[in-house]
Amino acid sequence: MTLPAPPAGVIPPVCTPLTPDREVDVPSLRRLVDHLLDAAVDALFVLGSTSEVAFLTDRQRRLVTETVVGHVAGRLPVLAGAVDMTTSRVLDHVAAAEAAGADAVVVTAPFYTRTHPAEIARHYRLVAERGALPVIAYDIPVAVHTKLPAGLVLDLAAEGVLAGLKDSSGDLAGFREVVTGARDLPGFGVLTGSELLVDAALALGAHGAVPGLANVDPHGYVRLVRRCRSGDLEGARAEQERLCALFGMVSVGDPARMGGGSAALGAFKTALHLRGVIDCPATAEPQIPLSPEETEGVATFLAGAGLL
Amino acid sequence: MTLPAPPAGVIPPVCTPLTPDREVDVPSLRRLVDHLLDAAVDALFVLGSTSEVAFLTDRQRRLVTETVVGHVAGRLPVLAGAVDMTTSRVLDHVAAAEAAGADAVVVTAPFYTRTHPAEIARHYRLVAERGALPVIAYDIPVAVHTKLPAGLVLDLAAEGVLAGLKDSSGDLAGFREVVTGARDLPGFGVLTGSELLVDAALALGAHGAVPGLANVDPHGYVRLVRRCRSGDLEGARAEQERLCALFGMVSVGDPARMGGGSAALGAFKTALHLRGVIDCPATAEPQIPLSPEETEGVATFLAGAGLL
Amino acid sequence: MTLPAPPAGVIPPVCTPLTPDREVDVPSLRRLVDHLLDAAVDALFVLGSTSEVAFLTDRQRRLVTETVVGHVAGRLPVLAGAVDMTTSRVLDHVAAAEAAGADAVVVTAPFYTRTHPAEIARHYRLVAERGALPVIAYDIPVAVHTKLPAGLVLDLAAEGVLAGLKDSSGDLAGFREVVTGARDLPGFGVLTGSELLVDAALALGAHGAVPGLANVDPHGYVRLVRRCRSGDLEGARAEQERLCALFGMVSVGDPARMGGGSAALGAFKTALHLRGVIDCPATAEPQIPLSPEETEGVATFLAGAGLL
Amino acid sequence: MTLPAPPAGVIPPVCTPLTPDREVDVPSLRRLVDHLLDAAVDALFVLGSTSEVAFLTDRQRRLVTETVVGHVAGRLPVLAGAVDMTTSRVLDHVAAAEAAGADAVVVTAPFYTRTHPAEIARHYRLVAERGALPVIAYDIPVAVHTKLPAGLVLDLAAEGVLAGLKDSSGDLAGFREVVTGARDLPGFGVLTGSELLVDAALALGAHGAVPGLANVDPHGYVRLVRRCRSGDLEGARAEQERLCALFGMVSVGDPARMGGGSAALGAFKTALHLRGVIDCPATAEPQIPLSPEETEGVATFLAGAGLL
């Protein structure tokens, strides 16, 4: 199917369930897709940071995209991350995403290498020109250590290079500059990657959200976006605050023992396991698993949000 | 052949010559290897940052390793970078390096993902355990945005997980802690990645150097290391200062127009082209090429160092 | 007068007009206060970052506070920054602020020295215990290079150490955590330092705003806050977007020639000069002044916002 | 007395002993000066980072300088830190240092405010022009969050604005660029602030060292510099490695409980207390004191170095 113009609504970045020996757990992945479809989300985003794209081999990446595209069977658009260090490597992933049937690719600035705005612009132009899929820019400075300048995103949008922006920068002021600047670019979708500011992002004009926590509670995010759109701002704020409280689960992992990624992804997968959606909460290596006490902590957050 | 224990001496991180359409230029790569062998370097390191590893596809990476291993034909050890975001992806590169005949792999901390010392240690243990080649840790915070703690490196060295360290951190005090701490670990090699402090690193006990500028002037670095080892400290310092002046070429690229990586790699490849070693100075996309004036600037640096 | 509990509304961080030879321009400062009072702002904040507190000598700081407190004459509360590196030095500024008649002090985390959450907490406890004025925490990582953790702010608020937070961190998600967590602490005021997200901050429950741009257009910010409070969200968004456009003036200074502080403070003071409020647009040394062309650029922004 | 040209040798940054209620302990400070003079150091540096300059009030700063200048009584040059955010505030400290009899001032780049190389250069020019004392640049990015570019330092040295550089940046390659570039500026002194690389810094041409650990073991650093100068490189390296081991004391403080500054300054002062030089190991507020167990740890380091 074709990517809606603009991409909009709730687009969960789909977790990648793993078996205890760290292979892609295909049946669990299908059940997770069903869980998201049941909430009536608007599209799916595979191979993002929440999908542990940085940990999956190329073979596993292909398997994930094929599984989700096959299971969705055209009911929803499927966006696929094409996450790698620079242009040629990204283009290999774009080709794989296209072959697997994805409807768009999501692409970060170059990383590992030192970069420059002129190089970032050239990167996106080459990926859009040589790849066959619409390109959504993925602004994630915590991972790539560069912030996409708002002006650069708007220039590339106006040129037709970019079909949208997924902003995981945490910089809502810069996000607003893109939202405002893109108002006369009708096909361009501006999506927040924040779990915590979906109401605020939509209030200032964003088209949608890509929150990792939507794996755990997709119905909550769909409700939140509906309330925002219908003008029920008090209801939206209450729903958002419930989701903010639930998001506290990302801090149950002991920071003396693991990094923030292990803690957050471990919490999401543990929650999906506790909710009966996936078979095993394992995260990919070298991440550190949650302890039994930390797993209890996740359960407490689920109970507090009425999800257990 | 087997990796010497410890790895030592001058080990250039071999540039990857490209054709104008950004394919690996195999004949130029062979000539570059000959140029390095002519200087009597001690080993070669392919697929490092100076080799533009972040820009090469998996196919190009294999071609580089096979070409260099084949051309060297056992005359020198060949180390290969296995540079990717996390454990499973790195292990795919380790398998490719082994298949192509490399003698060791050089591996960074995880990147893109947020990480933690416990995860870094687990990463190296898994790569060493599951891969078939000796592992050299690659400390390059400018690329991976984490510094390898000296204590962690020494612990992994004592466990037999690591065969050496290539330190591109710029932190000579931390480097000294590893050098001193590794004195009773006889097979462990401590190598500086600095172009500018080889004499200082060797004076405090390092085993060798992996300077990108050794592509341009391998004879200079071999002379420098010999003088350090023979106790000719005045001569060593003079040679080092000559090479420091030559290294100024990395700043000819206009920072308003390109990043530091484009400028440095562009200068090295331009110098190799001007010296007649490689056919084309192209760097991989999306890097920005040097202008004719900037190329002139590189020529001036070469002339100043007596290399043109 | 006493600080309202909670502090709320529009609280401009008052610029410090200087003479051409960089003395405090007292008549211009009084006119600036009148300009702000005319717009019916809710309180004034002297000696903040926008006031060039980092550039003023202790003598000048005292003169500023005395001038503003004297001119305001009890019509509004006056908050004073007590900005210095650590506890004892801050306490000297608190004593000076009290002597000059300020109603509260605004205090950052320690800076210059490396710090730690336990030290930050101890710092605020000592300042509150030994100083005679209510303490508002000033979260400004761009200046002090530490982010105040939301949990720490809430703990200190619950203890009665802090009377409020001025958040210039740019992290609206962390700000929301404080807003939500402080709902049952009725005297505690949560204030955004952002020019660009006042509508969003108030929508999620903030009490007020401390925007530097309110020097230039106080009427605009007062209108914006009134619209937010009256539920006129479309009107609020339109006003906020007008102010966002006006804020573009902070980028007229050439980044090749000056830092972001010189550019932003230079633009605000130039705008105040062009609007006839202050006599001279000079910024303190070693800041770089705007050129005539850059001054023209500021005028264009004022004209675009209907202010010239 | 006048500052030697160039300033050279061992120049300890003198700790500021405090009483239990955090007043300057003048008798202990005099004993510390005697302890340093006994080792035949070359000059003294008061009011540096190791002196807790960031924690001392202006009154305490004056008392420190007057006490040390008075006690030294012309036997050695006394350098004084003039550490504050920007030009006018620094000039107030320069005047105080001059009044108290210091022979030179040590000045950082502006901090708290965002800055730019052009502003840094202007800052040093104004301080040198308006102040009455020679100015030594203090490069300490960990405190001021800007690195002084080598080219800027050399330009200001050539202009006569700067009399020297104290480099606490940890970047020995950049330091080398200044050392090499300043060779034809005979009065300009290049000093390393590192405890761990004094031998390396002198080998590449530095004039001296300003190591905080020289408070604890001034005789060791004087011995080290003498061996470097006499060409006894093996002896120098052995002495340096002994001092590197002793420096491990800065890590006895628990990082879960305190910052790196509390730990390092606490260790130095505890060591001076255990060696009988000062009466009380207290550090200034809000720093966290070492526990009895951590104090034991410092004693173990002293014993290991033969100092207890």
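Each chain gets a letter, A, B, C and D, in the order it is written, and its residues are counted from 1.
The rule we apply is simple: a contact is a pair of C-beta atoms (placed from the backbone, for glycine too) under 8 Å apart; a residue touches a chain by one contact, two chains touch by 3 or more.
In this text the structure is predicted, and so the values were computed from the model without any measurement.
Colleague: Work out the mean Cα position per chain and let me know which chain is farthest from chain D.
Modeller: Most distant chain from chain D: A.
Colleague: Go ahead and note the Å separation of the Cα centroids belonging to chain A and chain C.
Modeller: Spacing between the chain centres: roughly 36 Å.
Colleague: Taking each chain's centre as its mean C-alpha position, how far apart are chain A and chain D in Å?
Modeller: A distance of 49 Å separates the two centres.
Colleague: Return the residues of chain A touching two or more other chains; collapse runs of consecutive numbers into ranges.
Modeller: In chain A, no residue touches two or more other chains.
Colleague: How do the chains pair up in terms of touching? List each pair.
Modeller: Every pair of chains meeting the touch criterion: A-B, A-C, B-D, C-D.
Colleague: For chain A, which residues count as touching chain C in their complex?
Modeller: Of all residues in chain A, those touching chain C are 170-173, 176-177, 180, 194, 196-197, 199-200, 203-204, 233, 237, 241, 244.
Colleague: Give the list of chain C residues in touch with chain D in this complex.
Modeller: 22, 49, 54-58, 60, 83, 85-89, 92, 110-116, 118-120, 122-123, 126, 142-145, 257-262, 284-288
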